[in-house]
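What follows is chain A paired twice: with chain B in the first complex and chain C in the second.
Moving on to the complex of A and B:
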């Protein structure tokens, strides 16, 4: 069953066209990756899905996004969270001056079972429980990324959008994060992840889309995609 | 339950303190403490927008003016109106309300205006928003000057009954602090702090930033309106100049110096401002350097922005006191 259906999506920043008619689907229960290099339009696509595109001066100028059978292109971002879409933004965007616990509680703004959700994310990332009273800005980069993901999970989303979770992190930390992502997925959350880190994405995804200058240039299961010469050349 | 006890205790201590001032302070000092209370209502309510939701409004004094003129007109003696306001519109000729109700109506009108202008203005950010709210203040100012049948223009309204006393002011200050505290210390308060820290992140967590900003703006305007009503019935004379740029910036200075991210900081700013202003007046007079006080305040503002950009009180007062007490304790032996 298709959870997210993006059709012929166009996104502009002013006169600049960042996404040029891309279409893809995310099936319920899967981990799907959007791969591509800098400036390919990956982050823009996630912002369009979460609705936060309007907050950074962009605009969906064509196409449609439907989630769980509902057209959401015109739904404001805060309402999309209630529908079950949660974005873990690029650069984490945690609340630096609040404690780990406060960050999580704000993340659970729309959640009715706050205690259960806290329990869940603490189990997923035990380090966050240890550091729950610490100011978030004092965490290491990897811990901040864990916090960002945990915060995104507090609303109990159906679809978790991850924007480059491995960016700037040590390989060992990236392993921990991807194990957690697999676990989150096993618990029933569908994940759409945007990555430059091709290897990790290939081993942890059910399906892959490769995006270049705002267009999808290849798609398939990890093995298929890897065997395409064009993709090899593009992704290296 | 613990909260209820604490509120009651604070109210009792406050009342005892006011009783002392009411009976023993000189008229001049009492007046200063009354003025300080009105400033504190302004700063605490402004803190709700400027501090907690990151809406840097410069229009607060405009709302105060709306409340002041509304309350003053509503309590103005009916028999004096035909002579004093010969061109008063028909509906206002007989519109009379007792003082407490007039204060509330003044606040409500300010809040209603905030609600209406909030829709376009709160869509702006940062400097643009500050300029737009300053524009609102300027519009109010020029309306007060030019709506002569109602406001008597530059002449102002004098002979307003002197209903405001120290008890009314501090009752309203208590209410302002209580309401602000209940909002800030709740589920909504956490959402507001999230908006202040990063509004895009807050929105991507499901928080309707516009709704919160509007709520803070409207509630802040209500209390500013009430403060205006209190002010009008304390001074008994209001004219447009009382609600101009000078007061706007003084209130902002009080808030920034005290600390706009805490309630305690907001009222502390008002206290410091009033005390310093008075303490420095004699210096100004004896040296003949008029304007020295303003100079010192400007320097203070710059210094605070450099060394303590979050203001003197970054944490609420009870938390600060608790830490001091703890620091005084002898470390336990193990």
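Moving on to the complex of A and C:
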């Protein structure tokens, strides 16, 4: 069953067209990766899905996004969180001046079972429980990324969107994060990851889309995609 | 020679003035933190709050009822101003909101001038706040004690609100990163509304205290306190609540002690001293005592 259906999506920043008619689907229960190099339109696509595109001066100018059978293009971003979409943004964007615990509380702003959710994310990332009273800005990069993912899970989303979770992190930390992503998926959350880190995406995804200059240029299961010559050339 | 009682008098006077600056500065800081708006209209909310109180009294209501009612009406007015004046400008350049806030100040001052005449009005304190306690040479007014106590209670309440309640923590999160807070399912407009309600309610209370302390109000009453609160907020590091409180007290103490201890012919320098403090602090710490560098995007 399709959870997220993006059709012919166009996104503009003023006169600049960042996404040019992208179409793709995410099936319930899967981990799907959107691969592509810098500036390909990956982050813009995630922002369009989460609705925060308007906050950065962008606009969906064409196409549709439906989530769980509902057209959401006109739904304000905070309402999309209540519907079950959670974006862990590029650059983490944790609340630097708040404690780890407070970050998680804010993550669970829409949640009714705060204690259960806390239990869940503390189990996923035990380090966060240890550091719960620490100011989030003082965490290491890897810990901040864990916090960003944990915070995104506090609303108990149906669909978790991850924007470059491995960016700038040591390989060992990336392993921990992807193990956690697999666990999150096993618990029933559908995941859409945007990555430049091709290897990780290939080994942890059910389905892959490759995006270049605002268009999908290839898609398929990891093995199929990997065997395509043009993809090899593009992703290196 | 300056007597110990005189120093103590100045101490109380400074605490009272500093408390009122701090209350106003907190409001400015809350709004700045979330909207990056220096709300020049905030001083007018003090003045309007004082007039609301007088209005409720004139309607024959009990003073003890009039104070909370004037605070509530102040909150409603603050939310209305945000809705009509600032919300349409969100997403535009920050300068438009800043200029609009100046416009709102001028509008409010003149509106009150039309409705209530430009003449100063006696500010009638409730009976229980009128007294004076005397201990030998030393005396303290009940309204002074009331100002200090109510300010301290309010500080404690605000600390609890911002650290223990979900909405309070969400407000701090929104001030930290508005885009990220939207991703948490927070309705930014609702948070901004609460910020205006809270700040304006506190400003209305400050108006009551100000009127009570000085015995009268007129339509321009809010101007200087507004400027001083702005200085206090900047000195403390605008956006930081602790900084605003500290900034308020620094200004209060500097003003009262400089007037009290300098020869009388220098007392006209009172306002100048506030600006001098501002300049010195900004030279040493450009972001204020508790401020942090604003990220440029």
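Everything below uses one rule, namely that the second predicted complex is superposed on the first by the 236 of 236 C-alpha atoms of A that agree within 3 Å, B and C clash if a C-alpha of one lies under 4 Å from a C-alpha of the other, contacts with A are read in each partner's own complex, and residues count from 1 in each chain.
Here, a contact is a pair of C-beta atoms (placed from the backbone, for glycine too) under 8 Å apart; a residue touches a chain by one contact, two chains touch by 3 or more.
Bear in mind that the values here come from a model prediction, so they are computed numbers and not experimental data.
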Combined model on chain A: chain C and chain B, fit or clash: clash
Is A:41 contacted by the first partner chain B, the second partner chain C, both or neither? neither
Which superposed partner A:78 touches (first chain B, second chain C, both, neither): both
Return first, second, both or neither, reflecting whether A:165 touches chain B, chain C, both chains, or no partner chain. neither
Examine A:63 and indicate which partner it touches, taking first as chain B and second as chain C; both and neither are also allowed. neither
Residues on chain A lying within both footprints (that of chain B and that of chain C): 50, 52, 55-56, 76-79, 81-82, 86-87, 89, 93-98, 102, 105-107, 109-110, 151-152, 154-155
Touching chain B in the complex: which residues of chain A? 50, 52, 55-56, 76-79, 81-82, 86-87, 89, 93-98, 102, 105-107, 109-110, 151-152, 154-155
Applying the document's contact rule, which stretches of chain A touch chain C when the two form their complex? 50, 52, 55-56, 76-79, 81-82, 86-87, 89, 93-98, 102-103, 105-107, 109-110, 151-152, 154-155
Taking the touch rule as given, give the residues of chain C at its contact with chain A in the complex, in rising order. 166, 169-170, 172-173, 176-188
Of chain B, residues touching chain A in the complex: 187, 190-191, 193-194, 197-209
